[in-house]
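Chain IDs A, B and C follow the sequence of writing; residue 1 opens each chain.
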Amino acid sequence: MACQPYYGEKFGELVEDLIGSYRSDPRTHRIGKRFMPSRNEIIEIIQNLLELVYPGFFGRQGLTEQNLQEHVENLMEETIEKLHRQIHNCLCYEREAHGEMRPDGTDPCDQKALRISLEFLERLPEIRDMLAGDVQAAYDGDPAATGTDEIILAYPGLLAITVYRLAHELHIQGVPLMPRIMTEWAHSVTGTDIHPGARIGRNFFIDHATGVVIGETAIIGDNVKMYQGVTLGALSFPKDERGRIIRGHKRHPTVGNHVTIYANATVLGGNTRLGDGAIIGGSVFLTRDVEPGHQVSISPPVLKVRPPEKPAE
Amino acid sequence: MACQPYYGEKFGELVEDLIGSYRSDPRTHRIGKRFMPSRNEIIEIIQNLLELVYPGFFGRQGLTEQNLQEHVENLMEETIEKLHRQIHNCLCYEREAHGEMRPDGTDPCDQKALRISLEFLERLPEIRDMLAGDVQAAYDGDPAATGTDEIILAYPGLLAITVYRLAHELHIQGVPLMPRIMTEWAHSVTGTDIHPGARIGRNFFIDHATGVVIGETAIIGDNVKMYQGVTLGALSFPKDERGRIIRGHKRHPTVGNHVTIYANATVLGGNTRLGDGAIIGGSVFLTRDVEPGHQVSISPPVLKVRPPEKPAE
Amino acid sequence: MACQPYYGEKFGELVEDLIGSYRSDPRTHRIGKRFMPSRNEIIEIIQNLLELVYPGFFGRQGLTEQNLQEHVENLMEETIEKLHRQIHNCLCYEREAHGEMRPDGTDPCDQKALRISLEFLERLPEIRDMLAGDVQAAYDGDPAATGTDEIILAYPGLLAITVYRLAHELHIQGVPLMPRIMTEWAHSVTGTDIHPGARIGRNFFIDHATGVVIGETAIIGDNVKMYQGVTLGALSFPKDERGRIIRGHKRHPTVGNHVTIYANATVLGGNTRLGDGAIIGGSVFLTRDVEPGHQVSISPPVLKVRPPEKPAE
């Protein structure tokens, strides 16, 4: 970088000023830190996991009884390596952030990361079992579905639920950062934002997907169906005596079994409960409980209907 | 895969359990099946088609009268090959699913796939003609647009409409899976979910795009304009005597010509009709007809306005 | 391309008809034009800029005091080259569109493009300073955030704001097309649509991000917080005597300092002002001013609650 005749003498100044700005604020750089998850490799892990949980739908095609064993072994090996590396990064990231790295330089995270990786992969058959229920729920709930294959191949709601179910396991295991990176990737491609901390029962169906928000402390029962734009959100945040919001308490609703929530309905509050079998109509804004089996809908709004000033074109 | 000292003896168990889970549920794997569309190649086809319908905007730049012929020939050849292969996959996928493959092993889908591919590509000039109207409608409808080029390069609504118009042709031809994979790709990148079965007239404009849902049996006239978050959805699903939803009947609204639907309005029901020239205001929730030329808006909601407890910061 | 036995004689016809359709409409092709921004390279520029403003979070990891200087120099050099090329394309695109290319063939855009590129990059430290405030605002505003790193790595709202702040600088410099391509890329991956022309103060936080629309002429103060689905939109478009919408005047609201706007609220109109400290409740639809410090919420809608016809399942 001895000469920069093309950009002129400004080049050195630009670099210097930018580096100077790194030094002035620790929040927006990671310089001199050793551990950081790689978002790109975490997305690769999601792709690998989708291939493992829905074999033949994504990635390699033409799976047969003959080539299956070798395919799964190779893919599993690749997945373990990446999982191990990224969970390791996330665990050590947290220790480094808290100043808990060992003074002797030995690695406190490696064995734990391997253990979590293997325990997570052991859970895949059970997760697959739940996903089969989600796929069936989508087929049973959507008259436009031509079959369950279409749902796995194309429905954004199922993709969001799948990534959530995988990320939730890592969240339970206490892996920092990675679960949220996973669900935010799904949010980006599906428009559905499910926090990995939410607890969601079996046979869950989200149709159309865009704009759905399910908060960190939401609890959802079995056989729940919801549509685009539904929010299970927080009502307000209590603050501590220094005016900072308090983290960690239940802020989002509890939804029973067999509940349906139609498009763009908003349900807020950590104490708000929707009883089993409740039906929440489209665009309802709700901050109180609904009894089991009850239906809630907005009163037909008094619409102002204005006849045309001139004949319609 | 003889030794796995690194991951320990668990590795074999993980693979075995996962493969075991594949055997227990036919819904979530495609093992031992021959035909499956490739989502990746279908996305490549969309990219090729965008380059063919908007030459010079996407993909290769610097097109001139001199290099145009060769460029289009090469791109067309590539597109036919991929289209032929993926339509073939989709047609045979369906036959295989229905147990209709020929016992003598000959291929019943190849010629049909080629015929559909060519007929589809023959329709491109007509589709381009419609798209030019959509581009113009966006320019005429959005004061923020600086020109029609910006709309083709950057507007998500136009991208969603373009992919819908392409997918709709394949839907009409009866190609399974592929049209929906195409529109769901567009949904993922634009936030607009248009089912390939919907019927949409000329000069259609969607502004801001995120959260729009247009259902399978919606019918939309010419010169319609809609904004973010608009749903043309279903009211409820009739079920058969066994409690399963009935597929295939008209569930979504009919929208006349010259209709405008503002942001986050919801219009539901297969019998709901918006007459020519109707204007539906923002956030309106509508399950009944609107006469031609009429305007519908929500009554200004009785807002609770609470003055500050303490002076504003 | 002498023989096409495979696709039959139709091939030539397909190509001819498609090329014929290019000739019939100038709006949907760029043939014989020299200048066009490359969307792909503009996305690469965004990636480079993210790496420059949040070093160590995206792209290269393991940055240290030792390797930082060389890393930033290399990345800066790469970024200048791409910026220079694309800004050049955009400037000459506009001149070509307006028939303002120099008759002697000399390039009127090159020096200007370089100057704008360097001035833009000079602004990065100041932009970084604003972004640090946005990161902190997200942490202070979201009880689910575990730290500021998670926000930079995963929060779509911060990504949308970051790309907006970068694009806004190029918008101010008068670069055509590129700023909008940048914010529409962010719209695609985050669901938040911020026009590069909007003016937004410090410490801005958007939670959940999907469906947010901030129009071209919106003005937003400092310390503003908003949630998914919020629209700052236009009320209606005045038209000129020939029935064409008038471009360029203020159509979107003005939002004061310390304002909070909850999920799915809609605020419309160029004259609408939300005073300092105002709180706009979820799903509010607003076309009039709110006084400083006042809270506005929808009256609890009269919900129709229908008890179950049969016992809940």
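Note that in this section contacts are C-beta pairs under 8 Å (C-beta built on N, C-alpha and C of every residue); 3 or more make two chains touch, one makes a residue touch a chain.
Since the model is a prediction, treat every value here as computed from it, not as a measurement.
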| item | value |
| --- | --- |
| Smallest count of steps, each to a touching chain, taking chain A to chain C | 1 |
| Interface residue identity across copies chain B, chain C - same or different by half | different |
| Superposing rotation of chain A relative to chain B, computed on C-alpha atoms, to nearest 5° | 120 |
| Computed distance of Cα centres, chain C from chain B, in Å | 23 |
| Shared interface positions of chain B, touching two or more other chains | 191, 210-211, 229, 264, 283, 298 |
| Chain B-facing residues of chain C, complex | 1, 4, 7-8, 10-11, 13-15, 17-22, 24-25, 27-34, 36-39, 93, 97, 176-177, 180-181, 184, 187-188, 191, 193, 195, 197, 210-211, 213, 215-216, 229, 231, 233-234, 237, 244-248, 251, 257-258, 264, 266, 268, 275-278, 283-287, 290-299 |
| Contacting residues of chain A [partner chain B, same complex] | 52-58, 61-65, 68-70, 72-74, 76-77, 80, 114, 118, 121-122, 124-125, 128-129, 131-132, 135-136, 140-150, 152-156, 189-191, 208-211, 227-229, 263-264, 282-283, 298, 300-308, 311-313 |
